[in-house]
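Both complexes shown next keep subunit A, but they swap its partner, so subunit B is in the first and subunit C is in the second.
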Partner chain A sequence: MTVLTRKARPVAAGPPATARTRRARERAWALAFASPYLLHLVALTAWPVLASLFFSMTDYDLMSPPTFVGFGNFSRLLGDEVFWRTLGNTAYFAVLFVPTQTALALLLAMALNQRLRGMALFRAAYFVPVVSSWVVVAYVADSVFNPQTGIANQVLALVGLPAENWLQDPALVIPTLAAVAVWKGVGYMMVLFLAGLQAIPEERYEAAKIDGASAWNRFRYITLPGISGTTFLVLVLTSIETLQSFEQVYVMTDGGPHGASELTVLYLYRQGFQFFQMGYASAVAWVLFVLVLVLTLVQFRLQRRWVHYA
Partner chain B sequence: MKVRMLAAGTLAVLALAGTASCGGGPAGEPGAVTLRLGFYAGAGDPADTLMRELVKEFTAANPSIKVQLEVAPYVKFFERLRTQIAGGQAPQVWLSDGVLVQEFAARGALADLTDRVRTVDAAAYSGLELNRDGKGRVHGFPQGAQTPVLFYNKKLFAEAGVAEPTADWTYDDLAAAARKLTKDTNGDGRPDTYGFRAYSPGFTESWWPIVKAFGGDVVTDGNRKVAIDTPESRAALDWMLAAMGKDGFAPDYVTTESFGKGAVHTLFATGRVAMSYGIYARTLPAMSAKVDFGVAPLPKGPGGRGNVAIVNSWVVSKAATPEQADAAWKWITYFSGEKPQSRWAELGEAIPINKKAAATALPADRGPVFLEALDASDTLGTNAVWSEYTEALAKRVNEALSGATPVAEALATGQKEAQQVIDRFYAGQTQ
Partner chain C sequence: MRKTLSYLLVLSGAAVMLVPFLAALGNSLKSFAQYIQVPPVWVPDPVQWSNYAEVWERAPFGIYLANSLVIAVLAVIGNVVTSATVGHALARMRLPGKQALLTMALGTMMLPTVITIVPNFLLFRSLGWLDTLLPLIVPYWLATPIGIFLMRQTFLAIPRDFEEAAGLDGANPWQVFWRVHLPLAKPALATLAVFTFTTSWKAVLEPVIYLTSPENYTLPVGVLSLKGQWVGNDQLVTAAAMMSLLPMLVVFVLAQRYFVRGTMSAGLKG
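So, the complex of A and B:
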């Protein structure tokens, strides 16, 4: 039997000087390597965030020094009908966009998760809109939804339905924008789902087939639980993206007709950069931030019930 | 040692950056001044090219002034300008959209040019009075002016056998001619050519002058009281709705919007409409498209012609040093001179504000119509919150013009919402 003994070390002395120096040097190097990111974080994220929190409690027109108004901007928000309408527009857009894009991305991923020739081409084709700018997408969308010359109305005419004013009708503008946003964004989410699908072990399907499980049951009991982590990620990302949506409406409708497609971030932009109300715009930004945070926390809380990390 | 070198290097970089950020200061030589000059134009636009040429001539004549140009397209220019002002980095002189001068001035960003303007012969320039605020102060010196007149397509008039517009035309005359000019040549039940373009997202060439011509008003009391909710304004919008609806001689709201952003201004140039209200800048696309066109005064309504004008202006930053402000004023007076103004007029982009240049450089057939309209013009309701209150109002008026909301309801709501915007800013201020 071997007995291991350890030499007693003086308690108060701490590590030897050389070890301390080495650790200090390592810390310095770590800090040096991390410093570009830390500088970026402090200068371009933390500082603007804190500044906007300060501005949200001021009357600030960008040109004269801000004057402190406490929660004045937030109480003004409560009675601002336009703000609430933009929030309603954003929620409506999210309700249409998030489930549609998620479901469609999953369907496409399943369809393209086959070992067939030319599949890579299809995957690339669905990904092309993701990397296109919104200006380009707006032109394409116009060729589809223009009430005079667009393909959508030509299709309706073929089946004997009346033409629609897709982007000029207050009732249709948000569903149309949601459809275009799905078309642009579905490719990215499809790639995430593809990765999720390919991570499910093939043996599970083989075992289920041997046990006589139907295609629906294999989807229900193997695929869906197997990609629940990816689904959760897609839902969180899409929800945040929707609440921050700006470029699309700015380019395609500028919030029209009559504000029917004015989303909250576009409203925020106008208040801050067109109407000289940076304090009020900052308050809108913070309310939006809190909403995104609450929504994300709720999603994280609910995920415990349905997300399985195998 | 290394740490010291690094610190020294950092200080050197900071010192250089500090020096660079003081670019608005003296340019090195005694008495020399560096002037940052901002204006909006697309890269490579004829306006961009000409402005650079004029700056070159100006600096050649004023060797002690070094000019640094800051150019960007319209939206980007003003977006950047606001943050530059916030950061104390605005150009010392810039070209402002006329409707924004009071917005900048009311927030203390502009130097008061009233005393400098007194030193020039006011009778030699157009638009000076339109730049005065409620207290008679001037914060911008005119660069070029825009005012709508009636554009008409001579060829379409001749084909339809309709007499060309005259200065005596009323809105009834306009409607009668427009009906005759509206043609559905392919028989699809929708006109291929409309007699008149009534609706435009830009109200300067649409409902604003029409409301005024019908005897209504948009803002009164030093542009602080919204006064559009009147029977006269309702009559004006009803006339427009009839034009786009039961009379059918103007493309409706949806049709116009569906042409896309900016395309509304090409409807006349492409022959889709035979008549349109247009500012001076609309002559360019019409000439490029080789349209045989003329211009006539706006038709008379019960309230007159409703002429309005926008005077784009040079403004000087309040943060400019006295030397820079002097240099900026030198630039302004140079640009306002007959020769630069005549060259600018050749672009066809704006009415020259130098009256001598306007008398010689504008086309003989169209020039007098624009100049008379400019002389008769009122401001476009400019005040410290122009962008915001006009957007609130335009949203409701456009609702009415699209048929989504009854005219009376839209005007009442629009008036209330626009007034709230104005009151929020001016609360507690007497003038």
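So, the complex of A and C:
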């Protein structure tokens, strides 16, 4: 059919196009189609990476032109205790948040994967926090963790435990934030895991059952390897995101109490947009950028040891 | 037995998800006296629906809503159109350096956004776009890596025959794209649309950085600013927060399957 119609192709107006001009025209079209992303690469990828490297080596307050200071900002960062504390806070938050969310999401996905009735409804319930903005979540979380009127302390009182100050307690603020973050994000990750679980062939489980494998062994030797690809993707993306966490603390605690929940990107925001130290803020960004990249590369390296692609 | 356990787990989980929303909804319908009452009242008495009307009276809530809607709708259109054209170029057209572009798109998905905060602010500042809605819209018109990837996968899956049949009627590449491929990609377009809407609707960082005048505030920033102004009227701010969620919930209920599909195909959140 193609051969026939190709012969019947009407000749375009003007001189017949040679193969070369036709190819040139095809390329021009392709370039036009791709042009938004080409602009994106220049303006929103290359520019920020190069510009922030440049600005990280300057003092720039937006008023006077940037002055070059070499590695001055970086050596200042080395001795900046607050900056180190924000890195510690960020790491603490990530260590609590990422594994908890991953484990809970997997558990829920495995439960939902039992072909439960009303699965779509449950999935929707878990997804509502995912689509909510942090501003909404802040007020929803307040109904739970408000020390005077929140549900959490009511529950503690029921079982005879003393009330806690949650977000207002320097020792509890980060665990509480992590709990809220898990609550908000677990539904998203659960859906990812559900897709991963559904891709594991049913026969593998049946064969294992016939061989008399225990439930734990089926989980250990079929489920875990079967979803290791999904788990890897999820871990890489959530760690990248968690290290750059900003909105939650900006909205819920503003870094308090006494800087106990000051995360690195919140610190960057303050340096840049409250104190107008664009150079210093860029240096913070670059350090975090490198840390995130290193962590991502390490994860990619380690993936060979535990990720099985079917 | 296992099913019962699973039901128990999933049900109690769903309760943990939804009860706080109900409690916040309750808070939004209380008087301030009841809002701070200890021990707490769970069901407001009387139910103060007037809180919601009061938010509209006391704050430019309609303006926040309009700004959020304008940004979200334009972001959706921009991202869907440009990601589709770029995805089409990568999937179906003769483009030099195609593979490199694809690799870069995948690579920038992993690019930490922290690096872009300061330079993008300076870029939009030099364009004179600060305190306008443009920085929140225009980037979506330059295609997003995730959209490109999703659309490329979709266009790759469309059989060649369709294209050839249409191409031979003397149609140019735009017509092939517009009349043949785009209609076949509707589910993917819807997926990308709801994904973009959600990302734009719940954004906090960018509007906080770019918007300074209340008349330009989006819902999240607007509600956040009320928090500072209405101390002692927290039940009203809670009502405002609940209302800011409503349009998102409507979109979610209407297009739920696309949310799930978006999560699965993309594996990224906004």
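By our rule, the second predicted complex is superposed on the first by the 289 of 310 C-alpha atoms of A that agree within 3 Å, B and C clash if a C-alpha of one lies under 4 Å from a C-alpha of the other, contacts with A are read in each partner's own complex, and residues count from 1 in each chain.
What we mean here is this: contacts are C-beta pairs under 8 Å (C-beta built on N, C-alpha and C of every residue); 3 or more make two chains touch, one makes a residue touch a chain.
Computed from a predicted structure; not experimentally measured.
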Check: Touching A:165, do we find subunit B (first), subunit C (second), both, or neither?
Finding: first
Margin query: Quick check on the superposed pair: does A:292 touch subunit B, subunit C, both, or neither? Answer first, second, both or neither.
Written below: second
Notebook entry, point to check: When the two structures are overlaid on chain A, which partner does A:142 contact: first (subunit B), second (subunit C), both, or neither?
Noted result: both
Notebook entry, point to check: A:95 contacts which: subunit B (first), subunit C (second), both, neither?
Noted result: neither
Note to self: Applying the document's definition of touch, where does A:155 land relative to subunit B and subunit C: first, second, both, or neither?
What the structure shows: neither
Next item on the list: Could you look at A:191 and tell me whether it touches subunit B, subunit C, both or neither (first, second, both, neither)?
Entry: second
Check: Taking the superposition as given, does A:233 touch the first partner, subunit B, the second, subunit C, both, or neither?
Finding: second
Notebook entry, point to check: Should A:273 be classified as contacting the first partner (subunit B), the second (subunit C), both, or neither?
Noted result: both
Check: Who wins on subunit A residues touched, subunit B or subunit C?
Finding: C
Margin query: I'd like to know which partner A:24 touches here: subunit B for first, subunit C for second, both or neither.
Written below: neither
Margin query: Quick check on my understanding: which residues of subunit A belong to both its subunit B contact set and its subunit C contact set?
Written below: 62, 142, 148, 273, 278
Notebook entry, point to check: Given the complex with subunit A, which residues does subunit B contribute to the contact?
Noted result: 79, 82-83, 85-86, 103-104, 107-109, 253-255, 257-261, 385, 387-388, 391, 395-396, 398-399, 402, 404
Note to self: Can you tell me which positions in subunit C touch subunit A when the two form their complex?
What the structure shows: 2-3, 5-7, 9-11, 13-14, 16-21, 23-24, 26-28, 35-40, 82, 85-86, 88-90, 93-96, 101, 104-105, 108, 110-123, 125, 139, 141-144, 148, 161, 164-165, 168, 170, 172-174, 177, 198, 201-205, 208-209, 219-220, 223-224, 237-238, 241-242, 244-245, 248-249, 252-253, 256, 259-260, 263-264, 267-269
Check: Contact residues on subunit A for subunit B in the complex?
Finding: 61-64, 142, 146-148, 165, 167-170, 254, 256-259, 270, 273-276, 278
Item checked: Residues of subunit A that touch subunit C when the two form their complex -> 2, 5-6, 8-10, 12, 23, 26-27, 29-31, 33-34, 36-37, 39-41, 43-45, 47-49, 51-52, 55, 62, 107-108, 110-112, 114, 116, 120, 122-136, 138-144, 148-151, 154, 183, 185, 187-188, 191-192, 195, 233-234, 236-237, 240-241, 243-244, 246-247, 250-251, 265, 268-269, 272-273, 278, 281-282, 285-286, 288-289, 292-293, 296
